[in-house]
Amino acid sequence: MDTSFFLAWIKEAATAVQAERDHLTQLDAAIGDADHGANLDRGFAAVRQALADTPPETPGAVLVQAGSALIRKVGGASGPLYGTAFRQMGRALGDAPEITPAGLVTALEAAQEGVQKLGGAAEGDKTLVDAFAPAVRALAQAVQDGAKLEDALETATTAAEEGARATVPLQARKGRASYLGPRSVGHEDPGAASTALIFAALRRAAGQA
Amino acid sequence: MKKLINSVDTIVTDTLHGVAAAHPSLRVDIENRVIYRRDAPRQGKVGLVSGGGAGHEPLHGGFVGYGMLDAACPGEVFTSPVPDQMIEASKGVDGGAGVLHIVKNYTGDVLNFEMAAELCADEGIEVASVLVNDDVAVQDSLYTAGRRGTGATLFVEKIAGALAETGAPLAEVARLAQEVNERSRSFGVALSAGTVPAAGKPTFDLSDTEIELGIGIHGEPGRTRSTHREAREIARLAMDAINDDVPLSGDTLVLLNGMGGTPLLELYIVYAEVAAYLEEKGATAVRRLVGNYVTSLDMQGFSVSVCRLTDELTRLWDAPVETPGLRWGR
Amino acid sequence: MKKLINSVDTIVTDTLHGVAAAHPSLRVDIENRVIYRRDAPRQGKVGLVSGGGAGHEPLHGGFVGYGMLDAACPGEVFTSPVPDQMIEASKGVDGGAGVLHIVKNYTGDVLNFEMAAELCADEGIEVASVLVNDDVAVQDSLYTAGRRGTGATLFVEKIAGALAETGAPLAEVARLAQEVNERSRSFGVALSAGTVPAAGKPTFDLSDTEIELGIGIHGEPGRTRSTHREAREIARLAMDAINDDVPLSGDTLVLLNGMGGTPLLELYIVYAEVAAYLEEKGATAVRRLVGNYVTSLDMQGFSVSVCRLTDELTRLWDAPVETPGLRWGR
Amino acid sequence: MDTSFFLAWIKEAATAVQAERDHLTQLDAAIGDADHGANLDRGFAAVRQALADTPPETPGAVLVQAGSALIRKVGGASGPLYGTAFRQMGRALGDAPEITPAGLVTALEAAQEGVQKLGGAAEGDKTLVDAFAPAVRALAQAVQDGAKLEDALETATTAAEEGARATVPLQARKGRASYLGPRSVGHEDPGAASTALIFAALRRAAGQA
């Protein structure tokens, strides 16, 4: 996977977030403050602008730049969290021009660690971690099993989507939804839903490569 | 949804233009989204910076000025500002005595202010932070993000601002801000939800016979839905929630706060009952505010905040303040 | 209809209890429905009395205090008070220098204040009256009750109040009040009507694409219904109406007033355009207020009022004032 | 007509206003400020209270007391106007213990004059005068023609009702509705509607006597 692969990922993610903007916001209206779609859409627009303004030369630079733009433009809980995820991924990739599937796994593990360190959420807390963690685990396993990249990412996407859906019956313990106590049960976590979109975008980027 | 806006995407910028035009006592950096006291930075004075999502006006921009904040950073509607704004603001108010960040306890605000504080430290600005978490509607346990910061933010900003004005050092200002927070409790009730412009419809729907108890200031639903009833009873539910958390006694400072869509007429009706409640409990409202101070767009409802005063806090509350939203003594 | 009230019949009394509890600087005669400055009557000072229907808070009760009104009489919601209240208030503020009645031009207010003035004269109290009629939405002709009194009432109360505080005689205070009124113009716009509690539903219905132009402060429909559009354009429609009536120039005092249900955020967006409009016309807003001052229950919308200042008026506007709704300089 | 006749009138009027309270308020919502029903209901309740507290001894005293109570309790435009109407009527009746039909006519003419002097409205201005004036005229004519009191009052009531209905196409030139300009056309004036109720109450009082 080269720089253009990661640029394609960002582009796919931005497109998906824009298309699902209202859906994400509606999810957030139910147990949050009705801004998650707007937040991420604003953020990914800024990411694309930043990447166009100063085109990065390595995969790592793509992701560090994307993360920084998210932190600079999103605000809210998701800005620092997604920003940190992309930045940690980028840092883990270093300045390698070409990334192996195993390298991708390591980078995503670093991203997950960054998110959990910053936000303090464990799996089951009804946050984006509930989509992120199973996706990373599934990817790691598939890559280790020698699956083709596309197939491995398909597995990861499915795990993210299942993880997102599995947040529905949970009671939130982190973020804004936790204020609702038991009333947070029965709704999908918006951040988990957007994480599933971002993994699906990664899968599509692999399909194009 | 009908709103007096030019477009959903330019709300914050357009608002800042209005704030700049309306208040010559402020300096508004529209590009970087920071509202400063015109004379910031003040040499030797601790700089007070706060910020949060837009939609809570006059909080925070309306509390910038003599005796209160030195700068405020508005985020998008109901979305915490970003670290860049906080860093810019901190630089702009640092007069060599360090900067206090007043942060309402929401994951977004906390994470962004944390990042900003780290980067400020890297640049050699001494930063202390105080977390405001006064909302008794939220269980303060390991199983939540903790209590929200609501009405007490105004108390913290006013009282810490007054102390900073005396030239007190950062540690002392931070300690006092913390004390004000610890002595304060709030509870909110909604008759209807506000409409986030980007969402285009109210964040929750209530029928003509329902109210939400224990709401926050971001249109998030409350802890429980209940039946609408007399103002008197609703006021008592709110006060009970506060009194159950910390029994009320002694001298208190009370904020009966409108959420943005409730007429002052109604707020006074509620306040009458709050005052009666306090008296019953043997407490006294020796200082009080009734009006729209920490709002939630056009939400109908109110929150009540009570701070148990000490002589020091009363004195600092009474100290002169000159901001668009709060002014006395000059 | 959902409101924070105890019952439709006790709204005014319950509100007065809240006002009394919230503002120790006021003395509230709940029985007679009069809100006084605590130190009224002031010997040798002209007493200023105003009043009108409830539902416009902080007008008038919130403008009682040093440098503004000596007493206010609230009527029922949107209903002018009765002569007995005005007589009681006039007696209570007469410090031997006579009393000025500040009357908004509505048939009800005018008739009741006229009766009161006659009865005051019978009892030996010297009374002068000033009629506020600043609303350019109404044709000022033989074929109407004349222009309504709206936002400029605040200007008249503040500026005449400042002059009265200097010990000026009744005739002079009345003349100046008259001058402020003559130099002021207002225009209002509604996005939705307020709900009179006794009526139980909004006084008029607007769809999501409609606005009312030229509304008053009692929920009466405006002169025309129009299509909703950008805040920028709506602000310009309002300013055009004012400018067409009296071309704007020179130093002005501007009130960008919320009708009760519109968030401050939106008022600032409108204000930005008002300021730009004035600049275009070569006028300057040298003094400004943005907020809920002369409201119409929970109506969504705004009114803009402009007073063309003189040096004397600016000086008196700047003079100290200490009321629940307006305070500076002390 | 003796004191109890006039007390019966007041009672009938109060009952009618209470029954029609919401209707009057709805009329006022269309071209005014939605309080006319509440205003008059509050006023007539106060009138009945006042009459119960200090029972008057003459027809004139009933009406002066009623008018004073309206002025003391109603506020708005209708308080001083109706208050003046009843007070002027009462004054015109002096302290006579028994009133003739001709005496009633003279008193109502005095009431009308008082209302028009105070409010400055002429017929056609779309106010309560548009019901009041034709009713008084019809009554005067019928009494002059020697009609029985009940019949004369029936005629007056019909004239008041027709007068009220005839306000619909008018453009208001007085009171709050005048702010609407041409938009006041097409609505019945609330004050004219309440005046018709008050004449109908007078007619019913005569039926009971």
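Quick notes on this one:
We call the chains A, B, C and D, going by the order they appear; numbering starts again at 1 in every chain.
The criterion applied here is as follows: a residue touches a chain if its C-beta (ideal position, glycine included) is under 8 Å from a C-beta of that chain, and two chains touch if they have at least 3 such contacts.
By chain, with names taken from UniProt: A, D = Dihydroxyacetone kinase subunit L; B, C = Dihydroxyacetone kinase subunit DhaK.
Quick caveat, the model's predicted, so the values are computed rather than measured.
Without chain B, contacts among the remaining chains split them into A | C, D. Separating the centre of chain A from that of chain B, both taken as means of CA atoms, is a distance of 32 Å. Centroid to centroid, with C-alpha atoms defining each point, chain A and chain D lie 74 Å apart. If each chain is reduced to the centroid of its CA atoms, chain A and chain C end up 54 Å from each other. The multi-chain contact residues of chain A, meaning those touching 2 or more other chains, do not exist; every residue touches at most one other chain. Counting partner chains per residue, chain B shows two or more touched chains at residues 77. By the definition given earlier, chain contacts exist for A-B, B-C, C-D.
Here chain C touches chain B in the complex through residues 1-7, 11, 14-22, 54-55, 57-58, 62, 77, 191-192, 194, 206, 208, 211, 228, 230-232, 234, 256, 260-272, 275-276, 285, 288, 290, 292, 295, 297-298, 300-302, 322, 324, 327-330, going by the rule given at the top. Residues 25-26, 29, 31-35, 37-39, 42, 71-81, 118-119, 171, 173-176, 178-181, 183 of chain A are the ones that touch chain B when the two sit in their complex.
The residues of chain B lying in touch with chain A in their complex are 53, 75-84, 106-108, 111-112, 114-115, 137-139, 142-145, 148, 196, 198-199, 203-204, 216, 218-221, 223-224.
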